[in-house]
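Heads up, the next two complexes both have subunit A, just with different partners, subunit B and then subunit C.
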Partner chain A sequence: MIREVAIVGVGWSGFRPITPDLSYKELMYEAAVQAYEEAGIDPRRDVDSFVTVAEDYNEGTSIFDEYVPDQLGALHRPVQTISGEGIHGLAAAVMQILTGQFDVVVVEGHSKASNILTLPYILAFAFDPVFNRPLAVHPYYVAGMEMLRYQVESGTSHYECACVAAKNRNNALLNPLAGYGAAISAADVMASEPVAEPLTRLECAGHSDGCITLVLAAGETARALTDTPVWVRGIGWANDTPWLESRPWGEARYAQAAAEMVYRTAGIKSPRAEIDFAEIDDTFAYKELQHLEALNLCPPGAAGEWTAAGGTEIGGEFPVNPSGGALGQGHLLDATGLARVLEVVLQLRGQAGQRQIETAEVGLAFGWRGVPTTGGAAVILSN
Partner chain B sequence: MKEYVYDSVYLRSKDFEEGNVLFETWDPNARYAWDAGVAIGRYLQGLKAGQLIGRHCPECDRVLIPPRMFCETCFRPTDRWVELEDTGAIITFSRCYVTWDMIRITDPQIPAVIEIDGASPGMGIMHMLSEVDPDEVQIGMRVQAVWKPAAERIGAITDIAYFKPL
Partner chain C sequence: MSGNRVAVVGAGMTKFVRRAQETAKELAWEATHLALESCDMTLDDIDAVIIGTAPDAFDAVHMKSEYLSDGCGGWGKPVIRGYVGGGTGVFAPIQGWYHVASGLFDTVLVVCEEKMSSCQPHPQGAFLTIFDHTTERPLEPNLLWIFALEMNAYMNRYGLDKRDIATVAVKNKRNAADHPAALLGDANITLEDILNTEVLAWPVQRGDVSPVTDGAVALVMSAEHVARRVTNKPVWVEGVGWTLDTAYWTNRDLSYPVYVEEAARMAYKMAGITEPRQQIHIAEPYDPFDYKELHHLEGLMLFDKGEAPRAAADGVTQRDGDLPVCPSGGLLGVGNPIAAAGLMKVAEIFWQLRGEAGARQVPGSPKRGLAQAWGDLMQVGTVIVMGV
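So, the complex of A and B:
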């Protein structure tokens, strides 16, 4: 990258299935204050630009960007809201710093999923109105179809997929932030009710409310603000076709393309050897395996066996989702990828408590926009 | 070069009604709740009790209404609740002759921003004016809330029926 960029402050609020005690503005304020205090900055004076990630249909308010400045301290300042995955927002902020025109940029994403009373219908509204929506099936059918194709093409068993859900829910027990910790086994996961076969209920992430705020700074500013900057080494994002009728169902090509970009910008040649751990989208259990392979962190078709053998556990050779992932923390809508980034930052700083990875020097975070999309974004961070 | 790519004709409403032109429609099922949280929750409780409530910022010393737990100017937590009058002065208003579903009306609806007595200058609430000759309304006019009967109040901005001249 043409300029050094670091994360110098993080803040969060949540993550819990319901948050009736706080309005979304109060939720955002809580996370923002924490991030600014960590970074030792006053947003009214020291922040050059603010980027938030929000989708009007998730907020229940059109032109939602109008409602973000107050609680971030962004009044009368440059503010931009983008609709995308949280890591797309991080990418936008990184690019602003790379222009040389901004030294300190804030990124925010949040979820008030509990306030969306018709959430499956909002998901369904993302489907093509002519070809798909009139069929009137719960939108998770796309995940069921994708899982089936992935299993057949990669030779992955249902048990191996279920191991992801068991691992992440157990990891979440070590994470005070996580709302869905549970001591469950792969057998429990497989025995739970079918949602869209082969997908079972415990293989689908529940939803959480919460907020994540990050403070980014350019190289010299970052060093002046903190002794423990977490450096952004590379960033990448990509989309595949929206066609459900002719997409490559078995493999996540959007993740392959995002990986190619993130490794190129980070100068990484052998991802598995040069990266110590990863936080990877696991909205559905099989997605963690499919994404691991697409991100070239293991050979095609090998992720399931690797996971079942314990290779991706916290004490394993390559920990994946030590935070508990979306399965363990709850899916945070647009902010889900920022929760992945938050965990990478905490691990790289050595602040991950009971779930701390011993040799955490380089970490990868990957976010996916969920069904029915083929949009993903990745970032590589190091301490 | 040809002037157009497609053979074209004018479409008329009967072409749609008779199905000569094919199209899809969809009504989104989008329903939401909004967690009121601390500040709005207390504000709505006040409305139900027939009382307007603001919050004080210790940094700029403003009294903010509707109340909020942080001051957007100072980015500081606000520190205390302040009970306010239900009277004030019109900051700005408009006489509206089209309803929000686009029906023309002769007696205008009159939304107004009312600077509330006891809150800081420029701090107002948005409401409707009634019991007033539309032509008499002007900036600075003194008005007072007309509350719904206590039994009908539910903790909503509409617990105030409207504002009328003092």
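So, the complex of A and C:
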């Protein structure tokens, strides 16, 4: 990349299944103030541009970007929304800094999922209106079908998928930001009721409310603002076909393409050797495995066995989702990828408390837009 | 400007129509295909795709850019959708600029698509959901009402008459008669025709308003080393700007768009423009309503506050005037498929600066032009300055 970019401040609020005491504006305000204080900046004076991440249907408001500037201290400043994954928003901010026209850019993403009374019905509006939506089935059937195909093609057992959910829910017990921590086993996961066979309830992330705000700065500015900048080494994102009818159900091709770009921009040749840990989308338990393979962090078909053997636990050879992931923290809608980024930042700074990884110098975060999409985005950070 | 220099090298658009038979994906692909063809490129030359499209509520598709992605040429590529309401159409090429200027991509596609006709019986129903859920939505406001408030504020501040404003609608609908993709072009329309249309929300009459429209527009943008190879007429992005004002629009002075001024100042600074009235030769300000063109010309500092109506009456903004404004025919004439309408303006500047605007070509070989859009709750300004 042609210019150095670092994360110099992070803030968060919520990460609870419900937040009846806070509006989405208050969630945003809390997270923003924390990030600004950490970075030692005044948003009205020091921030050159703001990027927020939101989808209208999740907010229940059309043209939602109308309602973001006030609580971010962003009035009369460049503000834009990305209707995408949180890491797409981060990518937009990184690109703005790389142009040389912006030194400090703020990224915000939030979830007020508890306000959505009929989440599956909202999600169903993401299906092709002509070919798929009229089938009127719960959107998670896409995940069930995909899981089945992934298992068949990769030779992964249901038990190995369930191990992901058990690991992440147990990791979440060590994370004060996680609302879904539980001391459960793979057997408990497999015994929970089916959602869309073979997918069970405990293999699907619940939802959380929360907000994440990041302050990004260009090289010299970053060094002036903090002694512990977390550097953005590479960024990548990609889409596969939106059609259910023509996608490869067994593999996450969007993640392969995003990985190619993020490794290329970061100059990484052998990801497994050059990266210490990862926070990877686990909206459904099998997704963590499928994404690990697509990101070339283990050979195809090997992720399940690796996980079942404990290789991806906090003390394992390659920790994955030490935060608890979406299964342990709850899915934060468009902000889920930023929750992955937040954990990578905290780990790289040595601020992850009980779940701190011993060697954390280079970390990867990967976000997926969820069913029925094939959009994914990745970032590599280092201290 | 630092970073890589960025040029627009190709453009294409569909016809703007009241009700397209094509799906949203098909409209997007038609524009994409035309843009690629205009610069002899294929999807293999495209490194990333930027999608612009306004509220998902129009066609009731959640995460609409995911649905549109293959129609926009995004299969297997980095795809991103930026969003600033009605300002999106001019913001999408600003995103295209920063994709290329960042050094991450050599050539990107910028595609804006809107299909408003899917919203039955009328997109105003979807617009109800843009208002604050607690303080405004219970009043069941209509978008036309708040623009009537703004138009009134503007007219009262400067003592303007409806006739001072309707000249814009006449000019733009006449200009659009020369646009092959226009929905409401009319070479013979008169001031009386506009003034005799039905009242929607006083002082807004039907003739003051752009129509509900379906359509798509696409641009190809490249880094300098690619641009110089693929065309001998690159149109350079010289400056970009965007700002957002408070959501509490009721607390603002509606007679002047300060957010447009701020966006313009940002773009002018980047472009090194110190005397916009001398250095801008052609302008495509956002004109969903006729008063908005005047309002925005003042916000862009191309005329003093309250002076744009007089200049319009004097013919300054005609295609052969000193500052041709909306030579395309604008939203009032060509049509207003929200995001696509903004990008249509950028495409018009591209064609005008290359001398390829056909019957719409302004005389005198303009060297620098700007396009501007506006959106949200009278809140966002987006400006792009381009030159040859």
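Here are a few things to note about the model shown:
The criterion applied here is as follows: the second predicted complex is superposed on the first by the 383 of 383 C-alpha atoms of A that agree within 3 Å, B and C clash if a C-alpha of one lies under 4 Å from a C-alpha of the other, contacts with A are read in each partner's own complex, and residues count from 1 in each chain.
In this text, a residue touches a chain if its C-beta (ideal position, glycine included) is under 8 Å from a C-beta of that chain, and two chains touch if they have at least 3 such contacts.
Predicted model, so just to flag it, every value in this text is computed and none were measured.
Room for both subunit B and subunit C is found when the two structures are superposed via subunit A, with no clash between them.
After superposition on chain A, the vertex angle at the CA centre of subunit A, spanning the CA centres of subunit B and subunit C, is 50 degrees to the nearest 10. Of the two partner chains placed by superposition, only subunit B is touched by A:D42; subunit C is not. Of the two partner chains placed by superposition, only subunit C is touched by A:W243; subunit B is not. In the superposition on chain A, A:F125 makes contact with both subunit B and subunit C. Once chain A of one complex is fitted onto chain A of the other, the partner contacts of A:Q151 are absent, as it touches neither subunit B nor subunit C.
Residue contacts after overlaying the shared chain place A:N168 against neither subunit B nor subunit C. After overlaying the two complexes on the shared chain, residue contacts for A:T373 are found with subunit C alone; subunit B is out of touch. Judged by the touch definition given at the top, the superposed model places A:S382 against neither subunit B nor subunit C. When the two complexes are overlaid on their common chain A, residue A:H88 makes contact with subunit C while staying clear of subunit B. Of the two partner chains, subunit B is the only one touched by A:G73; subunit C is not. When the two complexes are overlaid, the chain among subunit B and subunit C that reaches more residues of subunit A is C. Taking all C-alpha atoms of subunit B against all those of subunit C in the superposed arrangement, the shortest distance found is 5 Å. Shared contact residues of subunit A, touching subunit B in one structure and subunit C in the other: 57, 60, 69-70, 75, 122, 125, 129-130.
On the subunit C side of its complex with subunit A, the touching residues are 1-3, 23, 54-57, 59-70, 74-86, 91, 95, 97-99, 101-104, 126-127, 129-130, 132-133, 241-248, 258-259, 262, 266, 270, 375-377, 379-380. If you check the complex, the residues on subunit A that touch subunit B are 19-27, 29, 42-44, 57, 60, 69-71, 73, 75, 112, 114-118, 121-122, 125, 129-130, 133-134. By the touch rule above, subunit B contacts subunit A in their complex via residues 24, 26, 28-40, 68-70, 72-75. The touching residues of subunit A, when paired with subunit C in their complex, are 1-2, 54-57, 60-63, 65-70, 74-84, 88, 91-92, 94-96, 98-101, 122-126, 128-130, 235-243, 253, 257-258, 261, 265, 369, 372-375.
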